[in-house]
Amino acid sequence: MTPQALLAILSEVEQGRIAPADAAEKLAKLPFEDLGHTRVDHHRSLRTGLPEVIYAAGKTPGQTVAIFDSLRRDGVDTLATRVSAETASALLEAHPDAVYNAIARTVFCRKAPAETDRGHIAVVCAGTSDLPVAEEAAVTAETFGARVTRLYDVGVAGLHRILAVRETLAEADAVIVCAGMEGALPSVVGGLVGVPVIAVPTSVGYGASFGGASALLGMLNSCSPNVVVVNIDNGFGAAYTAVLIARKTSSR
Amino acid sequence: MTPQALLAILSEVEQGRIAPADAAEKLAKLPFEDLGHTRVDHHRSLRTGLPEVIYAAGKTPGQTVAIFDSLRRDGVDTLATRVSAETASALLEAHPDAVYNAIARTVFCRKAPAETDRGHIAVVCAGTSDLPVAEEAAVTAETFGARVTRLYDVGVAGLHRILAVRETLAEADAVIVCAGMEGALPSVVGGLVGVPVIAVPTSVGYGASFGGASALLGMLNSCSPNVVVVNIDNGFGAAYTAVLIARKTSSR
Amino acid sequence: MTPQALLAILSEVEQGRIAPADAAEKLAKLPFEDLGHTRVDHHRSLRTGLPEVIYAAGKTPGQTVAIFDSLRRDGVDTLATRVSAETASALLEAHPDAVYNAIARTVFCRKAPAETDRGHIAVVCAGTSDLPVAEEAAVTAETFGARVTRLYDVGVAGLHRILAVRETLAEADAVIVCAGMEGALPSVVGGLVGVPVIAVPTSVGYGASFGGASALLGMLNSCSPNVVVVNIDNGFGAAYTAVLIARKTSSR
Amino acid sequence: MTPQALLAILSEVEQGRIAPADAAEKLAKLPFEDLGHTRVDHHRSLRTGLPEVIYAAGKTPGQTVAIFDSLRRDGVDTLATRVSAETASALLEAHPDAVYNAIARTVFCRKAPAETDRGHIAVVCAGTSDLPVAEEAAVTAETFGARVTRLYDVGVAGLHRILAVRETLAEADAVIVCAGMEGALPSVVGGLVGVPVIAVPTSVGYGASFGGASALLGMLNSCSPNVVVVNIDNGFGAAYTAVLIARKTSSR
Amino acid sequence: MTPQALLAILSEVEQGRIAPADAAEKLAKLPFEDLGHTRVDHHRSLRTGLPEVIYAAGKTPGQTVAIFDSLRRDGVDTLATRVSAETASALLEAHPDAVYNAIARTVFCRKAPAETDRGHIAVVCAGTSDLPVAEEAAVTAETFGARVTRLYDVGVAGLHRILAVRETLAEADAVIVCAGMEGALPSVVGGLVGVPVIAVPTSVGYGASFGGASALLGMLNSCSPNVVVVNIDNGFGAAYTAVLIARKTSSR
Amino acid sequence: MTPQALLAILSEVEQGRIAPADAAEKLAKLPFEDLGHTRVDHHRSLRTGLPEVIYAAGKTPGQTVAIFDSLRRDGVDTLATRVSAETASALLEAHPDAVYNAIARTVFCRKAPAETDRGHIAVVCAGTSDLPVAEEAAVTAETFGARVTRLYDVGVAGLHRILAVRETLAEADAVIVCAGMEGALPSVVGGLVGVPVIAVPTSVGYGASFGGASALLGMLNSCSPNVVVVNIDNGFGAAYTAVLIARKTSSR
Amino acid sequence: MTPQALLAILSEVEQGRIAPADAAEKLAKLPFEDLGHTRVDHHRSLRTGLPEVIYAAGKTPGQTVAIFDSLRRDGVDTLATRVSAETASALLEAHPDAVYNAIARTVFCRKAPAETDRGHIAVVCAGTSDLPVAEEAAVTAETFGARVTRLYDVGVAGLHRILAVRETLAEADAVIVCAGMEGALPSVVGGLVGVPVIAVPTSVGYGASFGGASALLGMLNSCSPNVVVVNIDNGFGAAYTAVLIARKTSSR
Amino acid sequence: MTPQALLAILSEVEQGRIAPADAAEKLAKLPFEDLGHTRVDHHRSLRTGLPEVIYAAGKTPGQTVAIFDSLRRDGVDTLATRVSAETASALLEAHPDAVYNAIARTVFCRKAPAETDRGHIAVVCAGTSDLPVAEEAAVTAETFGARVTRLYDVGVAGLHRILAVRETLAEADAVIVCAGMEGALPSVVGGLVGVPVIAVPTSVGYGASFGGASALLGMLNSCSPNVVVVNIDNGFGAAYTAVLIARKTSSR
């Protein structure tokens, strides 16, 4: 029900065309959130101002293209994540102006000119194997209008590499740290900066890394109190929250 | 907001004392579920017709008595579960007509005459150590108006015991099976009856029983398709659902 | 041994053709359940009145077709679940009147006219990735004679979607809720309805979803007392129990 | 080494009192971070402007009082968390102006007038058992200068309670959600607001809650992309990060 | 129902006092196993010839004494395991001829003269901390009539100790090996003997021993094919099975 | 060193050709077990009288054939387990008299006439999916000279099937029970017989079966004290131990 | 058997008093390691030259004192670890010259003058809660004759603290790093030094630290290749190995 | 920045060409470790004197060749581990003088003549399936200049095999033990030698081996105090640390 429809009912009550008791029964059952929008994604987009995102894993190329088409018709910026090579080809054929990032596994299509800078996010990763997750975060954040600084291959076994980028880290509004294996990097970065650090455990490693669970546990037990954690390999979620943090900062 | 309050607003619109636009703004923000009741337990009680239940674990005797008092003032049957001996004493002092079941760890107080039979529930358990959980289930079900048949100490290592109660099982509207250790009893019972079996893993056992986790896993993997599972030691939840099943059956 | 055979033995005793001691020895060893049926599946079918079901996972197409043939010869409705595309082809070739549901991975063949309505079951799922499990549940329930309402894509991150279907949920005799990831949907649905909710964790997710274990744990810890749980991806078991609940309700 | 000391060395080089080679050896070994502060906590306090915090768990009352004394002598606001009743008595005896919060298990002592508002944080919890964690978060955030709105006892089994506080949630700069059992509340809250949600799993529950692990896993798998997670019962860390988010927002 | 009772019914049929149809109905419902004994423990005792055993953990002293009394009245040897000091006192007061083993936590009472040798069982353990489990096994086996050789403190870090008892091991009919920590001893013993080795993981250890789970896993992965495993700390079960093996051997 | 070599040294001492002190030094370092045989498998074969067994998993066809050749040259019965189809072809080509069992994944070659009966082993399994493990056990036991009775498809959800084979079970010297899913069958069988029951959890199942871990845990927690357990899918180990039990019994 | 006894046998052979064949039989069965010492600890002490150590956890004060007495009578340095306050009192009463370290939970008694320096070991820990484990390591290493440098409270959240001790670390022959929570410190230290780093996870932490398991997993997944790991809280084992490393280095 | 560059700056200060304040600002920000080398691997190589190593898993053949080329240009010995057959071909084509070890999955290229002996390392493994891990360790150690003795196929189920190599073990400076399944071998070896034992759990096994986790847990709980552990299958890390131990020993 749109606000217009609500107003219409109330006008009818005012004009005596609907009895108050009948209107009461009708209104009492109204879904709270269902005023003028029917799909959650559109609703979220309206509320946050962030583009629509399609999680392509587990969807066929055809399904992904169909959803992509529908969103573009709505005239919004559109991002697809976890895109396979096959799905990427299908999307690029249908949308030649879309941009495919093979490492990040993303396809993005911008409709309107990019917003001006919406904050500064640093994306840090420990090793080259963490790149797909780090790039998913970086591309997502850029798509959402943030300025992104990539600081890759700065593992804790060589502290000078982290120290060398310390000033850059300190300038960011939020820092995303992707790391597999022991997941120690977020604690070290958290000790160097005074902003929120979003830790992304990656499934990089073997043996007792247990598919990223060891890195996840390490990050949850971080001794730096400004470290928060998302799911294993969830670069998208880290970027989403980082943008919410950074944008607020820069928009005031 | 009560239905009365809603009606009042709409009457004011009808009488022109509130403009439709103002009323629309007011009503659009109304919490959907908040018409005439403010606490979820009351709401649930109204919807299901089952008595109020206080989960006493983690509450002080004083807190438990206070909530118990409040509910009795509302004139509803009242049940407290996971009651410690100390809390039980406090409740009995305040409510001399309440009934304490030390094994089930429950205190119950009935206000109105008990409903007539609301279905038949069999509560089965494998060993004497499972009794507290089985009794929590049995007392809860009785409190909610069901007729309960207790079939205790019928473990799978002595099949003749289960077979001896087979006819009784078959007559129930729902069967609750409490078992620790390997948790095999629900599968065996499930194969004997044609009604839903609600399996309750108990924390009985040692070593690789891992606090009931082994029994839980066994029940989730049951080869009998009419077995559903609740949390470890959750006799209350099993009874709650069993009553919903049995009552419908018998009330039509 | 059939009841007829038992009667025959006793008649021979009456007529003095078998000595009591010999009959005693014979009868003492009789398998308790083996009176008149020799295979458990037939027995279950007789007891519950539900069709035969073949779990096709881990069986070759040839094996599945052979069992399917055998059951159809017995003149009963026949359902195969977890059917691969290859097995589905083989079944359809042998039974052109069978119906294949590619999403639910089921093949069904009805012999007699469908029973009249045996209760109403709502099948709810959180996302499109949960569809195979939800459809397995829905098709199974329909096969067993229930009326099924499908309420798909109503995840907890957009409450208005759940609230929009609240009335439909409240009309069901039992609700099946399939959800992966955090498995929060059954708790929310359980709070909205006064009937049993059967929660089915799905293996949807990645990273710390651990193949559905996180959703399973969430559901077992539900704060709604009318939620019971089955194994990960076990849409069939959920439907089987839901039909037992719904049928009783509607048949009286 | 302070910046002054560094300047002194370089001046001595300029004046020819130290040979460049000797200075080079001296400077090459300088600890990078050790310019003007020797203890990490002081350093963190200087960098973030947040008060000193003592984690009192595992420290004797005497040790805690000694550290508390030392920090107060530095003239900074001082907060102790996870304070036992015994330690609280010792602290209050030594610092009669300190404030003890028995539920939050905190002792706080403010030296200078509280800062003006540094952002708005909503602290939400699902049940009364989650109060100690929620209060630890709330008191920490207030100590750090944030305005805190407490929204307690709004579990997912009664959606109307969450919906009733929806507007308040939407006004916060960051939301902290504490929940045990299935840990579903952060996803629901995350779907209602457009700001970062920091989820704190609590060790509330029994059986398959596994000391909070189930709630933790549920939160990590949240379908709301604006949900980030901290360790079980870590109300302090959640508040620390929330203040970093909220303060930036409001200070610009 | 006893065999006598069954014979009585059939005689009545023969004499025409009961109609075959009535007898058929009566017999068809007879529990298969319930001919002549009504409690599983008695049944098991009759079948195996082993004494009755009371698992005292989780039972009050009063309950344990009551069951002990009842069994002794039946004139059978009686063993109680997992006996607390308090329960032991109560048992010894009631049964002054009973024998209490404080390390094994057992109380035993023999009625008839002990059977002659029923096989030879070696009980091996790795360290002094494993003694309670090893003694539970040894006392149980002796109670059941086996000759027991104790070989204690022969951990794998000092192979000469194991090699020194090699001949004794080789003479046993079955070997029980109790070990905590890494649980390596059963594999080593299994390689030295040609008889079944029953491995009992103990909860001895700390840290990553996880309450005996590590020892359990080690034993399940044994490279010696004659190693079988029981639950953590289950000395009783190991002895029970060892006696079944050893007795057969020696009784023929 | 062979016994001959030892004798030679001692003779040299007797004859004064080696000084006692020199001989002492030489003998003190002798590997204890290395008197006349150099490979463990030969040693085990000599000690137990059981044929050689090759575990083919993880070996190439060529490697497996080479070891098979070597063992046959020694003139002993030879069994290969976990044989792939490709390896089986290679073995059959090289040893046309060998027998391949595709379900059990074994290849066996007998050199001498089979031994006379070495005891009676019952192999029980719960479902058709457990067949490969059950057959590995059955074929191994037959290879080792035991008489095997196969009792398949007797799951606990249909007790009449187990009860129907009760007498056969009771006649065995040892019972092997293979079961996946909830792993309840060994407890039920253990309650029916008075001989050792060797439980083999199988990796059959899905979701919360966790690759057989749930069945394993169920079996370790069995309430039947005559149940011992081996590794998941370890039909070979179960048969190996069962033969050691059964052979002793029947050979005396 | 002592070397003397062996020599005696051989002399008898030389003198013709024992036939070579009889001696051969006798010697072939000699336990390999059992020449002149009967307890493993003595053997280990002889082989490594390190003092005897008593692991006092799980032993009564009386037992511990008895073993301590026995070892001192042998005239060796004696160390007891995991000593409770009660046991410490008993030891000090019996051995007034012993030294009790309450934090390390050790009691030590030196017989001969301490050896000269046997290498240099650095013991590093992350926080004050790790002190008991770090001190157990430090005291053990000192007892064994090593020079120990303690570098405490150098967690990764404040890198300047680690960098400040970098030169000291680089001078050690081996480094022991004790850390709980995320266990990141060994990786950082491993990157700074060119010697072996022995990582000791501690059980410090709460919630998802799971009693030290998270720290353990982090250390096993270290990206520094010179990091090896011991059991949770195993300061003793870390020191034992570190001394073996350091002593070799310095003794040449 | 090289030491030369640092000296240049200081000389400019001495000569008055840079003001002390400007130099102070410049030097204060210098990354501590970044004096004269910019990549961590080079730094580590310089510090330890060990060759560069490329971990090829997760890198394409092209990427691996490119890094290999770059390192060789630097004139250092170069080792690649976890090399697939495809990558090995590419490396050998580009570097015909490189040596490929298919079992160890390594490619090595020596530039300068091999160093003289840098210590003696024994590599022990339990079964033939552990060979790839053992060979990775052996080849790595040889590459780093150590003398390696391979002692393969000496599992604990046949102790004579271990005892036969006892003297060889005792001569090593460090021992690496690779074992899967129950992981018992390191404890046994640790009891035989007086040097550090580095245990490498392998992922060999099935069922309850859980990909090497059981072996890992066994090794962490070793009763031999000279056993330290690395990650599952981490033959490289074990060799790296073993060389650090052995080299120090032999170089003095």
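Just so it is clear, A, B, C, D, E, F, G and H label the chains in written order, and each chain counts residues from 1 on its own.
To be clear about the criterion, contacts are C-beta pairs under 8 Å (C-beta built on N, C-alpha and C of every residue); 3 or more make two chains touch, one makes a residue touch a chain.
These numbers were taken from a predicted model, which means no experiment stands behind them.
Under the touch definition stated at the top, chain E and chain H share these contacting partners: F, G.
Centre-to-centre separation between chain D and chain H, using Cα means, comes to 41 Å. Separating the CA-averaged centres of chain D and chain F is a span of 59 Å. Chain geometry summary: the mean Cα position of chain C and that of chain D are 50 Å apart.
Shared contact sites, meaning residues of chain E that touch two or more other chains, fall at 31-32, 40, 44, 155, 157-159, 163, 191, 207-209, 213, 216, 220-221, 231-232. By the document's touch criterion, interfaces exist between A-B, A-C, A-D, A-G, A-H, B-C, B-D, B-E, B-F, C-D, C-E, C-F, D-G, D-H, E-F, E-G, E-H, F-G, F-H, G-H. Residues 32, 40, 44, 47-48, 53, 163, 173, 191, 194-196, 198, 216, 220-222, 225-232, 236-238, 240-241, 244-245, 248-249, 252 of chain H are the ones touching chain G in the complex.
By the touch rule above, chain H contacts chain E in their complex via residues 126-127, 155-159, 162-163, 180-184, 187-188, 190-192, 205, 207-210, 213-215, 217-224. The residues of chain A lying in touch with chain H in their complex are 128-129, 155, 157-161, 163-164, 167, 204, 206-209. Residues of chain B touching chain A in their complex: 3, 6-7, 10-11, 13-14, 16, 19-21, 23-24, 27-28, 30-32, 35.
Only residues 29, 31-34, 40, 43-44, 57-59, 201, 203, 211-213, 216, 231-234 of chain H touch chain A when the two sit together in their complex.
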